[in-house]
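Structures are listed in the sections that come next.
One chain, subunit A, links the two complexes that follow: it is found with subunit B in the first and with subunit C in the second.
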Partner chain A sequence: MVFVLAEPAVAPPGFLAAGIARIDPRFRVAAVLAFALVVSQLDSFAALGLALAAGLALLLASGQPARPVLKRMAAMDGFILFMLVLLPFTTPGTPLFTLWGFGASREGMRDALDILLTANAVVLMVLLLPGTLEPVTLGHALGRLGVPAALVNLLLFTVRYITVLESEYQRMRQAMRARAFSARTNLHTLVSLGYLVGMMLVRAQERSERVLQAMKCRGFTGALPLIDTMRWRRADTAWALGFAALLAALVALEVAHGVGP
Partner chain B sequence: MHIVDGALSAPVLVSGAVLTAGGITLGLRQMTLERIPAAGVLSASFFVASLIHVAVGPSSVHLILNGLCGLILGWTAFPALFVALVLQAVFFGFGGITVLGVNTLNIALPAVLMGLALRPLIARAGPRLAALWGAIGGAGAIALTTVFVAGALVFSGEAFVPAAKLVFFAHIPVMAIEAVISAAAVVLIKRVKPDLFAAPSAALPA
Partner chain C sequence: MASALELEGIHFAYPGRPSILAGASLTVAEGDRIALVGPNGSGKSTLLRIAVGLLRPNAGRVTGFGRPRASEAEFQDLRRDVGLVFQDPDDQLFCPTVIEDMAFGPLNLGQSRAEALATSEAVLEELDLMHLRNRVTHHLSGGEKRLVTLATVLAMRPKVLLLDEPTNALDPENAARLLSILRGLDIALVLVSHDAAFRAQLELREMRLLEGRLAAR
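Up next, the complex of A and B:
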């Protein structure tokens, strides 16, 4: 089980790449929200194509290895494949071709392609902008953007303990292997995994009691101070303007080429 | 069962976001100072549990365990599952951004409903009966989630009806798996640390 949350972002070489790596975390979160809102409402292939192309350009410019990012995109496509394959056959409209007696419609193909492009454009931008942040920085950025402190605390705690509990899980799986457990498709496997999950929850609860006591000792009053040095720089203003231009171009293309509702 | 950006209509997205905001607010209200660490650490353990894959013949499915999550966290399951979905969307690319509200609602509301209905019963039950309630909670939450996912799709377009039906039937093995796992987990927790279910209302033991 490869775990990605703990990997710190390494600053890539190159002027443009270094610039991208330094983009303000708050801007990354806000930009991706705006991007997702705009792109999810687009219908024209020209606009959707530009959205996806912008993501690919950012991927190339960021200098990070493209393969893992594209792999994650492909994994998401795998999830929605069944839905996209069904759509052409279930949408009424102009017949395009028939397969085993089922007719695929032009409108259905169009909708499926629309969803595919939208989903990939957004996921790519998500993985590139906030996705390269460290999880703790994401929490801080959300806090700075006005997400309620309680929710930010919960996110920070979750992020902090995912790696701890992940290694606890691996230890318990190893102990099960040492007792000759091997996972199969049978009731015994499921019951054993259920006991494993139950034990993880019991241990998590006991750990949280120790954590609470330790934090109270240190004067925990319910608020985690967000210690960071997020500073808005001139480059961030430039990025924001560029991104606004991209969104404006998307809307303009939609208006020019879009199909009416 | 993550729905992606672009598939749902705007009214469905907005309703999902509004209802999820309400659920998160209710959940956070119950998360007092004493319960922040417990909620965070339990939320992390459900995140890790969702990375466990179970073989189903030649294929495999990952655990969701939203039923068990609701049984233990009550309303706090709402913010906990939201956090898990945010992390999965941002770092793994599962799901999307505008659909976060709908996706959270689909997975957290069944969790909370199972928690409200079954948690008091489990607190009073013996091991056998607790296993039964655990199984119902585990399978019921998945069943409701698939119904909600199907609903979100169908409300967005008639053309999704076959896909929505497929979602439900494809998850019947998942319901069975989650039933057994949740039942076993509930039995173990009842034996080892019954206070996880004993606290009144949907509260976490402080």
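Up next, the complex of A and C:
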């Protein structure tokens, strides 16, 4: 989520880009969910290639600077790199080559490539569709889509209070420095930093109770009123049809080229 | 009297905001007792933070005990002798119990665990706060928190004590205790306070911070 929430994009120039920037938030979330469900079931490289190509095409069309988006995608690759490298050597099957006495299998290579394409296609779509929303708008879209209020509230409160926690942390660190603290490799440092984290948790808990009390005084019963102006426009229907066509094409390619179970 | 702390021509602005200090100068001699007064947002707290290097000025010099202080290492050394009591006690108390919070500073000064505990207990004794020794810090009352934060700073035996609005939200009884503690100290004091009655009882030299500069009243 950190990568997704990091920097909301500014409205980019250009006709197509402007159109993409105005896509309904609810559609963005629902579409990316459907996309992830379909792509995770694909096995044919033709279909997976199309899925990734669709993401790249959307990236170009959206007029966003490509570098930061691709960088975030690469950050995700970092998480699965080890698994991908090990997969050919741990999957039994037709030997392809050996490295330091370990045999790599054709099936393992295939699986690794499959996972790499799937993950990148899905993450790219996540970064492009819901990833460009303001975090608060994302919360509203989730609420409108029927996500349980508790989860939506968690997201909205995180957005609201993360900076409060950050400044509380900074002030406590300043107060520690004012008493001649500097981090070293010793037990005193570890214990002190542990206390700092512990105190932040305790304070956060207490603050949340005070906030809740204040909210209750103003009639809070569990649901935040979501005030927004999401309106489904004709362009959104067009985007939805286009996206459905993409998903249908992915399924068709899979059926035509797929390696059946 | 030798000068303990000297701020000369301090300029400061928070990022993206207009300048708050514009050439403020302050000299604190050893044993000096100074009150900083001025409207909200005039930069009093900022000046205290600059004095101990928690904020760096855009221009101007800080000198502590005859040596220029500009780098973090120089300020780390200065903070061993100049204590700052924060406006919000909750920013300062972060250890589970009072005695652990008390020992934090002395440990940072290089005292052993036993020495730090002894120092802490001695200060609690001096301030008549021994009954709070094993209390959980975030269960203390507002007044107790204030007195304990002062104790945690005094446990480092500073030569200069900076206090930011120490009487905020103190009941008269705790304010009186704070007053008697401060009266009993023979170290330099710089006090930021809106509480005129409290200031009057401490016989402080008043400096007014206005439009980013300090002037004697």
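Just so we're on the same page, the second predicted complex is superposed on the first by the 229 of 261 C-alpha atoms of A that agree within 3 Å, B and C clash if a C-alpha of one lies under 4 Å from a C-alpha of the other, contacts with A are read in each partner's own complex, and residues count from 1 in each chain.
Heads up, the rule we're going with is that a residue touches a chain if its C-beta (ideal position, glycine included) is under 8 Å from a C-beta of that chain, and two chains touch if they have at least 3 such contacts.
On a predicted model such as this, the values are computed, not experimentally measured, just so you know.
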Tell me which partner A:His188 touches in the superposition: subunit B (first), subunit C (second), both or neither. second
Which of the two partners, first being subunit B and second being subunit C, lies in contact with A:Pro148: first, second, both, or neither? first
Go through the superposed model and pick first if A:Arg207 touches only subunit B, second if only subunit C, both, or neither. first
Which partner chains sit in contact with A:Met199 here, subunit B, subunit C, both or neither? Use first/second/both/neither. both
Looking only at subunit A, is it subunit B or subunit C that touches more of its residues? B
Identify the partner contact of A:Glu134: answer first if only subunit B is touched, second if only subunit C is, both if each is, neither if none is. neither
Please indicate which partner A:Gln174 is in contact with in the superposed arrangement: first for subunit B, second for subunit C, both, or neither. second
Quick check for you: in the superposed arrangement, does A:Asp111 touch first (subunit B), second (subunit C), both or neither? first
With the two structures laid over each other on chain A, which partner does A:Val32 touch: subunit B (first), subunit C (second), both, or neither? first
Share the list of subunit A residues that count as touching for subunit B in one structure and for subunit C in the other. 192, 195, 198-199, 202, 206
Sort out for me which residues of subunit A touch subunit B in the complex. 1, 4-5, 32-33, 36-37, 39-41, 72-73, 75-76, 79-80, 82-83, 86-87, 89-92, 108, 111, 114-119, 122-123, 126-127, 130-131, 133, 135, 138, 148, 150-151, 153-162, 164-166, 169, 183-185, 187, 189-195, 197-202, 204-209, 211-212, 215, 220-222
How about subunit C: which of its residues touch subunit A in the complex? 49, 52, 54, 76, 79-80, 83-84, 86, 88, 90-96, 100, 104-105, 107-109, 138, 152-153, 156
Subunit C partner, complex, touching residues on subunit A are 168, 171-172, 174-182, 188, 192, 195-196, 198-199, 202-203, 206
Which of the residues in subunit B end up touching subunit A in this complex? 2, 4-7, 10, 13, 24, 28, 31-34, 36-45, 47-49, 51-52, 54-57, 63, 65, 68, 72, 79-80, 82-84, 86-87, 89-98, 153, 157, 159-163, 166, 177, 180-189, 192-193, 196, 205
